[in-house]
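One chain, subunit A, links the two complexes that follow: it is found with subunit B in the first and with subunit C in the second.
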Partner chain A sequence: MTRRFIVEPRGLATWWLKLLIPVAAVIAALVIGAVFLSITGNAWLEVYKKMADTAFGSGRGFAETLVSATPLILTGVAAAIAFKMLVWNIGGEGQLIFGAITAAGVGVWLADGTPALIAVILVVAAGAVGGAFWASLSALPRVYLGTNEIITTLMLNFIALHLMQYLVYGSYSPWRDPEATQFPQGRPILDGGRIPEFFHRLDWGIFIAAAVAIFAWFVIAKTRSGFEYRIVGDSFDTARYAGIRVPRKVLGTFLASGASAGLAGSILVAGILGKMDPRSLDLGLGFTGIIVAALARLNPVAIIPVAVLMGALNNAGPSLQSIGVPSAVVMILQGAILIFAVGGEFLILNRIRRPERHVAEVKAAAEGSAA
Partner chain B sequence: MPEGADRHLQPAIELRNIDKSFYGVLANDNVDFALGRGEVHALLGENGAGKSTLCSVIAGLYRPDAGEMLLDGEPLICKSPKDALAAGIGMVYQHFRLVSNLTVAENLALGNPEVGIRLSQKELEEKARELGERYDFPVDPSARIWQLSVGQQQRVEILKLLYRDARILILDEPTAVLTPQEGEALFRTMRLMADEGRSLIFVSHKLHEVKRVSDRVTVLREGRVVGSAETADAEPRDLARMMVGRDLVLPTRDPNESIGEPVLAVEELVVADERGLDAVNGLSVTVHAGEVVGIAGVSGNGQRELAQGIVGLMKVKSGRVRLGGEDVTHRSVLSKIRKGIAYVPQSRLGMGLSPGLTTEDNLALKQFRRPPYARGPLLSHKVFAERGAGLIKDFDIRGVRPGLPIRLLSGGNLQKALIAREVVQDHRVLIARSPTRGLDVGATAQVREQILAERDRGIGVLLISEDLDELLALSDRLLVIYEGEIVGEMPAGEATAERLGLLMSGHREEQHP
Partner chain C sequence: MNDSVLILTMVAAMGLGTPIVYATVGEILTERSGILNLGVQGMMMIGAVMGFWATFETGSLWLGVVAAMIAGALLSVIHAFNSVTLRVSQIVSGLALTIFGTGAARFIGRAGAEPLIGMPSREVFKPVLSGGLADIPVVGPLVFGHDALIYLSWVVVAAASYYLFRTRHGLTLRAVGEDPASAEAAGIKVSLVRYLHVMIGGALAGLGGAYFSLVLVPSWQDKPIGQAGWIAVALVILASWRPWRALWVAYLFGAAGRISFTFQTLEVNVPSDILAMLPYVLAIVAMLLLASGKRARLLGAPAALGVPYSREER
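And then the complex of A and B:
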């Protein structure tokens, strides 16, 4: 009854394995994509060349890739820091939108003469505050009443979305541009409140996003507060035992998560959009952030390259139509990458081996150490 | 001791060359084992010797990496416990597999293919009652599981197997949760089952129990069978040596002459459990500096609530906790840690340690907020590593590798790490719950030495345990807890296992005039 293969939990995965698996997931997804493209009669190599060219082939293309990546870094961080503490905040979408609402509100409300630096800081910070506030609507009941945050964050996504649409399409609110006569549009924010561009359409928001990701990593890895966070994320009971006030910690993480998503909204408003444009804010960036976080295995720094990859795919999609390929190819690739990455997770956590060889090895090792 | 008549003939089940490994460690290494018909066969060994693994292989929970099993001479392959049970092999695990909201009878019916779609409660109860009577093992079939004591729940587990007419019953450390008296009752039932021709595997690391109940004994060490003998022919000393691989002396306690001031005073404490019932009910106990006060009791009589109430993890409804005269009853957990209460909880990975963090991180779990671990908001990883390495060496914590989550260490090493951390911090009081539970002889000796060393340096130790051997070996004074109250108190010299056992099961002693 000797078994052919044995699957067992792996104690400690090596760093190269943790790196190899996601890379292999991307390659496997590209292979699947190539098969799919070939079956539908497309030259897969041409398609991939076109995509690579659009995303990375020119300065302007690369700038657009990073523009797409910026909000994904922030919503990715939002998801990662919450999930790592077993707080299932899937409301990044709503927190992003509400952050955009508050940021645009401040941007519209600021007086003309406000110095640019102060205006930018106020507008961007308003988004973080707005996102944290929107998260608090789920976080407070979760922490103090034990409600399920999956449901409340999800519901609040819809409320935020419809609130935004109401402010522009359904009412004459200060968010709506009084000069847009054809189709309702958001009112442009104060010019001084805009984040300056420095390379094609790319603005300084990318650095804010990257800094948030690195800061999140730093706090978690290097600070007292981050150590407490890691204990709470590992075991609530142990955290309580070690004297950590768990509810406060969960609340703080939840709000930080919301703030990060809200920041994504305000950087869009103060950056490329310049106003609260409901169509450009309703792209599922909060949900894509969850995929980014999962691919990055909840590591805040790894989120940066993963977000750039996802941004590149998003950026390349529309260009495919010029060669007669539907842009939905991009979604197939994104989905395939996620599936392979999740499958690869199994190989990070477990190993597969042959039994006999292993028994011999262990015996040899035991005898070696005894000698 | 009655002899099973035909147990020297073909064995009921035979294992040949069984290998089973986890995480690259061989838990069972080329194990041969034969269980005779009508035999009570004890499996003896330290923790991590591979007893539970071997049982789980027989019960179909694990599939061996190599080797074969023969049931009545026929090859047997079990893909799951269901297959094993169908073949007449059943196991009572250390952690019971019962549905606590269902009745005893309903639990018997669960997963039983003979029970059709229609459930006759009456029939089931009748059968359960009949089985209970036959094996001198009464339980109320209509009681819900949560209403039963741990000992009674264990009976239900055994009845479940008898109801399925298991011919081979595996009992994994069944006496760990029982009072001595309940243990005796279990041994009588085991004897009745064996006399009927059923075969039993009895796992234990207590020699006197093995002597008392088994016909044959097999000793495992480091995954290998190191010996097998008729119990009647086996000397306890020899068994112990086989088990440990060397002669081993447990530390003995010198009476402590220098008992100091009271350091911990618990006065009329009332603590409610999660259901809102008063699990600790007006309990008082005082611990002096340099004294070990043992609290004996059957699991579930308020021990958890007492410990957690003192350290601040559960809310105190009324009463007082004083630390060196200062009232700390309602202080936070953190404030109590800082005032000097060290705590070794029962659940190592569930509470005392953070399973996913490294050993070094875990060793800093209570001190990381202060210098030198923290400088302002920043942590010094160098200090974590250096202090951690020092403790790992001093306390002989084995199996640590850089970056390895602590949950992958063995039980003994987990406990060494936990105790190391608790005793190096500044403290006046140590509260320890069953600190040697599940540890092998070597680790047990080390933990006991630590506790006695604590006492000798003037710490007040409150030892809350279900293990009478441990309590008798370490305590200067013994109290017995029953349903949240202290029902007896005696100096260590006057305590015997029998006297404690009676008190633990609720028999109150006459007040001495």
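And then the complex of A and C:
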């Protein structure tokens, strides 16, 4: 049987290919977006210019982009470290929300006189603990009972969402502002618990997020524990054979993943929001984190620039309504980026070549043996 | 008798459960071929908007249904290409489909000079066989007086079950999902079978989506289908990959979705947000009890589910 192409697994892909594929994925997604825009009678170039201008055109615009990028770095890290170990935590959404619930809970519970530094640390850390706890509801059954974590993390997203809405809209819980009589909203956390802003609405949270990403990279690339983690990610069997306690590794990774997503929630609460605001915490940041992780090819450091790109899209979206373009075009772009990024993995894992050389070799060998 | 709370709840549960029946049966057929498609939510969204749009433009409900099925199937081809031809992560590809489909549906609903958003549907599926039959105690309202798409869903369930377990093609499908290498050796075109069943799953999900925009809430909104697509993905496991069981669990989840209204009628005071968690809690508890570890395999999970298959690597 002759075939036009031979597809074979590639050993190690070159660095430029690993860079080229994600860039190509973004460009291809922009083309898809342009098609949608053109069909519906919009000048696609104008739309893209408007988006670029909103996201990068001014200092304040760029600050706003970084504000949007901050939680995405953390949900991106959450997805990346889990996916690399084939732990399919798609519950970043719920872990972020539960992290926000615990952070806001600590933030309204702390006495007003608490020293600012201690208050900030407690509020932010509470989010990580909350996120890890919410992840444990899926992680423990996965590790000890073998329950599929895809479904449990997913369902826990919606449970967390309704829990948050109940605490603010459906009850007179401590999370609800007793002074907001017109329309229910979250109760502001203590002033000392807020992360300080340093430019426009941008606060120090972005450095916490970037530090978490770099820390994750360091642990994975440079420590013994990270080495074991990589072995488990490559093959459970190899890891078991090497004496690594796989269940513990999986559990630890799953909880760390949840903590990172929970941190995204607490940094939002302690940062720009200042309270648990259900609408601002229900924007699909957990799912967008999965796009960030995939486009960064699960590399924690690459997540930082990719999160800025996704933050730019999220930041630019609402501004499009002023020129009559639905902001959902951003979701089309993000979905298409993910489709192309995951498809592009094929080209990184495999190489395609013409079979001539191979056929010629076989022929030559056959003739050689005949002679 | 026929307007007792129980009967009314059961009838409403059938309505709410019907889009989930379609999507779940579709995903069962997809997963039986060994492909996991987490894009159900996206395919339902695109089906919901295209079905609504086609009916809005043509005034024909059945053209709407056909458009929804075509839209769902076309979207699913992307997933089939990624997971069958390129053999990349089915989980990430499915999520991508959901994000893309949801974005596209919302965009289509809001774009253009006269956007669909907020528009009521031009036509709505009306109850058939209502007449006197629906007045028979208990059985009447449960069996008669539904809209055509509910009856069609029963036909689809019966046909899917017959196809899976009583036909040669169904056996082929199951073989591909269990052991693609052996199936290929027996002369079955594994890739073709997988492409086809991913697309059938997409078409049925699209149809389920259209049930929202043409029957349940006959208008266009940004979030017309709730989380029905995700529920369907979970129900495949609880239905243990069998179409008839999908019908019953989908109705059960329809009832769970209806329960806040029922409680109101009975003057039981439970906060609506807490009740809204019920279907998801139910899904998790059922997963823990029924589908943990080796038991998932005993339930009937296709052995090759989610595993990329390459002819060369055997």
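Operating definition for what follows: the second predicted complex is superposed on the first by the 352 of 371 C-alpha atoms of A that agree within 3 Å, B and C clash if a C-alpha of one lies under 4 Å from a C-alpha of the other, contacts with A are read in each partner's own complex, and residues count from 1 in each chain.
Please note the rule applied: a residue touches a chain if its C-beta (ideal position, glycine included) is under 8 Å from a C-beta of that chain, and two chains touch if they have at least 3 such contacts.
All of these numbers come straight from a predicted model, not from anything done at the bench.
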| item | value |
| --- | --- |
| Subunit B versus subunit C as contact partner of A:P178, first or second or both or neither | neither |
| Which superposed partner A:I231 touches (first subunit B, second subunit C, both, neither) | first |
| First, second, both or neither for A:I291, with subunit B first and subunit C second | second |
| Touch count on subunit A, higher of subunit B and subunit C | C |
| First (subunit B), second (subunit C), both or neither touched by A:P115 | neither |
| Footprint overlap on subunit A, where subunit B in one structure and subunit C in the other make contact | 8 |
| Touch list for subunit A against partner subunit B, complex | 1-3, 6, 8-9, 11-12, 222-227, 230-231, 234-235, 237-245, 355-356, 358-359, 362-363, 366 |
| Subunit C residues touching subunit A - in the complex, by the definition given at the top | 38, 42, 78, 81-82, 86-89, 91-93, 95-104, 106-113, 115, 227, 230, 233-234, 237, 271-274, 276-277, 280-281, 283-284, 287-288, 291-294, 296, 312 |
| Subunit A contact footprint on subunit B (complex, rising order) | 19, 21-26, 29, 63-69, 75, 77, 311, 313, 332-335, 337, 343, 345, 347, 349-357, 361, 365-366, 368-369, 374, 377-379, 381, 401, 403-405, 408 |
| In the complex, subunit A residues that touch subunit C | 7-8, 36, 40-42, 83, 88, 90, 141, 145-148, 150-152, 154-156, 158-159, 162-163, 165-166, 169-171, 287, 290-291, 294, 325-326, 328-336, 338-339, 342-343, 345-346, 349 |
